[in-house]
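Given below, in the form of structure tokens, are the structures.
Below, subunit A partners subunit B and then partners subunit C, in two separate complexes.
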Partner chain A sequence: MEDTFGDDDFFSDGDGEPITAQKVLQTLEEAWLNEKFCPDLLPSQADYVECMMEQIQQMEENVNKLKKNDFRVEVHHMELARIRYTITSYLRSRLEKIEKNTAYILEQEALRGPENSYLSEGELIFARDFLALQENHCKQLVLQHVPPPFQDFMPTQQSLVPNLRSHVFLRAKKDVDGVVIEGDRDSRDEEVDLEENSQHIMQYKPIANFVKDGTIQLI
Partner chain B sequence: MFCEKSLKLIKELDRSQEAMPPFDDDGVRQVFEEMRGLYDQNVAAANDTTADPDGTAISGIAIRHAALERNKRCLLAYAYNRILRVRNMRWQFGPILPHDIKANFNEPEVQWFNNYNICVARYFKSIGAHGLDLTADVKPPKSLYVEVRSLTDYGKLELDNGEVVLLKKHSTHLMSRAQCEPLITQGVLEQISN
Partner chain C sequence: MDPSEVEFIAEKERVSIVPNFNNATVHLISGDVGPFRAGLPVNVPVWMALNLRQRQKCRILAPDWLDVDKLEALKEEEKASKYFTKMPSEHYMVVAQLILSAVEDDIPRIEEIRMAVKNLWDVRISKLRSSVDTFIKSGGSHARLDYLTTMEINSVRPLLPHALDFIDRLNKASEGAPRRDLSQD
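On to the complex of A and B.
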């Protein structure tokens, strides 16, 4: 793997701090797993995706320069196929969530404001188009034929909302203190501390923010 | 009972073995009629202020209203779940659907499919600098090459490395997965190993 990227491949993130291609891939893989297991939509890693895609292209060019019967070609091709799968699978699971919970996601996005956007630009356009598409379809097929008081299209009431209380498997990447687990009728709120590298099963909601800031990894 | 017909629509869609059962125009129309009937009754009852000594009219209106809401919900669920199937076909077969499947779409569904294609294509184009087709690389790669059998006389196919293979019916080949994946979904090739 280390061989696929040269050691001299450096990228710069927003703060001007150089990061290696290795790091980009690792971040993407973590984001991919999180997105896969998380009931809610997580902040987009579009910059990393773009960066990785450029990298793939460059690597493909490099690999093509190698001789055809060089055995390294196979290994590199396999690695590229894996990375490509990670990226497409990541973006697909995001898109599936957007399609399923369109109205909810757009609503949350509006509440967060443009600075804390979770959707990439393309995803936002897609979400809006998709909602309009659903509305148009419901109107054409159903709503225009029913009695007038029932003709409203109410996206936030009619669309699905992710179940934030569903359980997830997780691993703490650092020590996390004071995760508050809400009690129900019979029990009181409880605080738990998660040790570094410990694994747990719990509801997504109390740890949502730790997943977003990267201290907890879903597995 | 109210709402029986709308429930039947959903149940039948759920039970159907076909990829896409024909749109039940008749069933949907019957639900619309039921709704219209209920609504007219409610309007009449609400306007009739004279006779309601024991509050029965109010209860009647409430029940009919609930039935109307439920009917609406069932109809929307019916429409939505059909669309979900259409959507999955887009991801399975690509932007051009086989005719026998498309035959069971109704007009709004065809429109929806076309518009959805536009949305998806626009989104794919927006990813990265050159765009990315998310319908490719659907399965995690296990091996680079897969053994495939050709189901049709496809003709010549040029591989990424410049070699040309002739895909004849029943011939088997060892090809790179990335290259034959689209052909497998199109039904030109069939995977025979792993």
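On to the complex of A and C.
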């Protein structure tokens, strides 16, 4: 039978430049690890997730056309299971952060405005609903029973804020010069150059933008 | 991160196998594998090698670094060097573990190899622990960790980053308080 698994399935990113399924997967795997280790919520890769889900579906259809005893069936199933795990784990770690820092994340999202949004559509709805449920719960359980001056629900004061100064492990994918680590009272600001492929441990804050633009990978 | 997730990542590494069947190239989403020719070695991801081996469709060829003498040499080099040395595989520990448990009968001197991997790991981990100790005492907030493998990094997580976060918080909290050196307490 004709081999149905052509590698000519290309996707198009915003600029009309085609990218392969392999590249999409790699981006997702990197996003997964970044999200796992980053204290703050990173911009959503929802487009890549959607693209990969389509690819998975298409692959499943193709696999179903193969004979049951074809050796490729199991191999493809295993790969699809691995990709699914990566995607679910990625989405889960985002939801965990949203549940933990709901008010903070919504506040930041509002500051960034809709064209520069970090949450996907679904995540935004989830975050708002979650906050509303929390508010409702708080009111029913406590707030309505306390004297009126204390009845206000203040989400931003109650929500946890991620510690951006927390330490992370990272690998530089390209040379990054002059990363400034803020010193405290006893030590001065320290400037470090990160060579390509070198690994480091340091605070997240000074390198946050490099993680977002993909120059630095968290490990 | 859970060690099983490190294993999951390590399973993407490639190893050589000798298949006992013929098949054209398989187009996986993560890239092409094959073609498979019975008796001819081919590079496949570890997860696939283990699966094919389970189904008795191939023999796994141990990577050339998975050898008592080579591992001993790496260990000596590691002992002699002040810094961490480069490992032949980004996931040497996991790959060795997975392959050795899958190929009991194919490789001679398997127990010795296992010991050698373990010794190498022990040398590196004790070096890692003493560097972490010096690092924390020096009060630094940045360190370079070249050539540490994912499993090794994972072994000091979350302890090391949490300790640093805590020191950072104490430092910030003590701003304005009389000066005291943390390392001498």
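By our rule, the second predicted complex is superposed on the first by the 213 of 219 C-alpha atoms of A that agree within 3 Å, B and C clash if a C-alpha of one lies under 4 Å from a C-alpha of the other, contacts with A are read in each partner's own complex, and residues count from 1 in each chain.
The criterion applied here is as follows: a contact is a pair of C-beta atoms (placed from the backbone, for glycine too) under 8 Å apart; a residue touches a chain by one contact, two chains touch by 3 or more.
The structure displayed is predicted, hence computed values, not measured ones.
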| item | value |
| --- | --- |
| Combined model on subunit A: subunit C and subunit B, fit or clash | fit |
| Partner chain in contact with A:Arg82 - subunit B first, subunit C second, else both or neither | both |
| First (subunit B), second (subunit C), both or neither touched by A:Glu190 | second |
| Partner chain in contact with A:Gly214 - subunit B first, subunit C second, else both or neither | neither |
| Touched partner set for A:Lys36, first subunit B, second subunit C, both or neither | second |
| Contacts of A:Lys68 with subunit B and subunit C, given as first, second, both or neither | first |
| Superposed arrangement, angle subtended at the Cα centre of subunit A by subunit B and subunit C, nearest 10 degrees | 100 |
| Which superposed partner A:Ile201 touches (first subunit B, second subunit C, both, neither) | second |
| Touched partner set for A:Leu141, first subunit B, second subunit C, both or neither | first |
| Per-pair minimum CA distance [subunit C against subunit B, superposed on A] in Å | 7 |
| Overlap of the subunit B and subunit C footprints on subunit A, listed as residue numbers | 74, 78, 82, 85, 89 |
| Residues on subunit B engaged by subunit A in the complex (per definition of touch) | 28, 32, 35-36, 39, 68-69, 71-73, 75-76, 79-80, 83, 87, 106, 108-109, 111-112, 115-116, 118-120, 122-123, 126-130, 132, 134, 136-141, 143-144, 161, 176-178 |
| In the complex, subunit C residues that touch subunit A | 1, 5, 8, 11, 21, 23-32, 47-48, 51, 55, 57, 139, 141-148, 150, 153, 157, 160-161, 164-165, 168, 171-172, 175, 179 |
| Contacting residues of subunit A [partner subunit B, same complex] | 49-50, 53-54, 57, 68, 74, 77-78, 81-82, 84-85, 87-89, 91-92, 95, 99, 120-123, 125-126, 129-130, 133-134, 136-138, 140-143, 145-147, 149-150, 158 |
| Contact footprint of subunit C on subunit A as seen in their complex | 3, 5-7, 21-22, 25, 36-37, 52, 55-56, 59, 71-72, 74-76, 78-80, 82-83, 85, 89, 163, 165-169, 181, 184-187, 190, 192, 198-203, 219 |
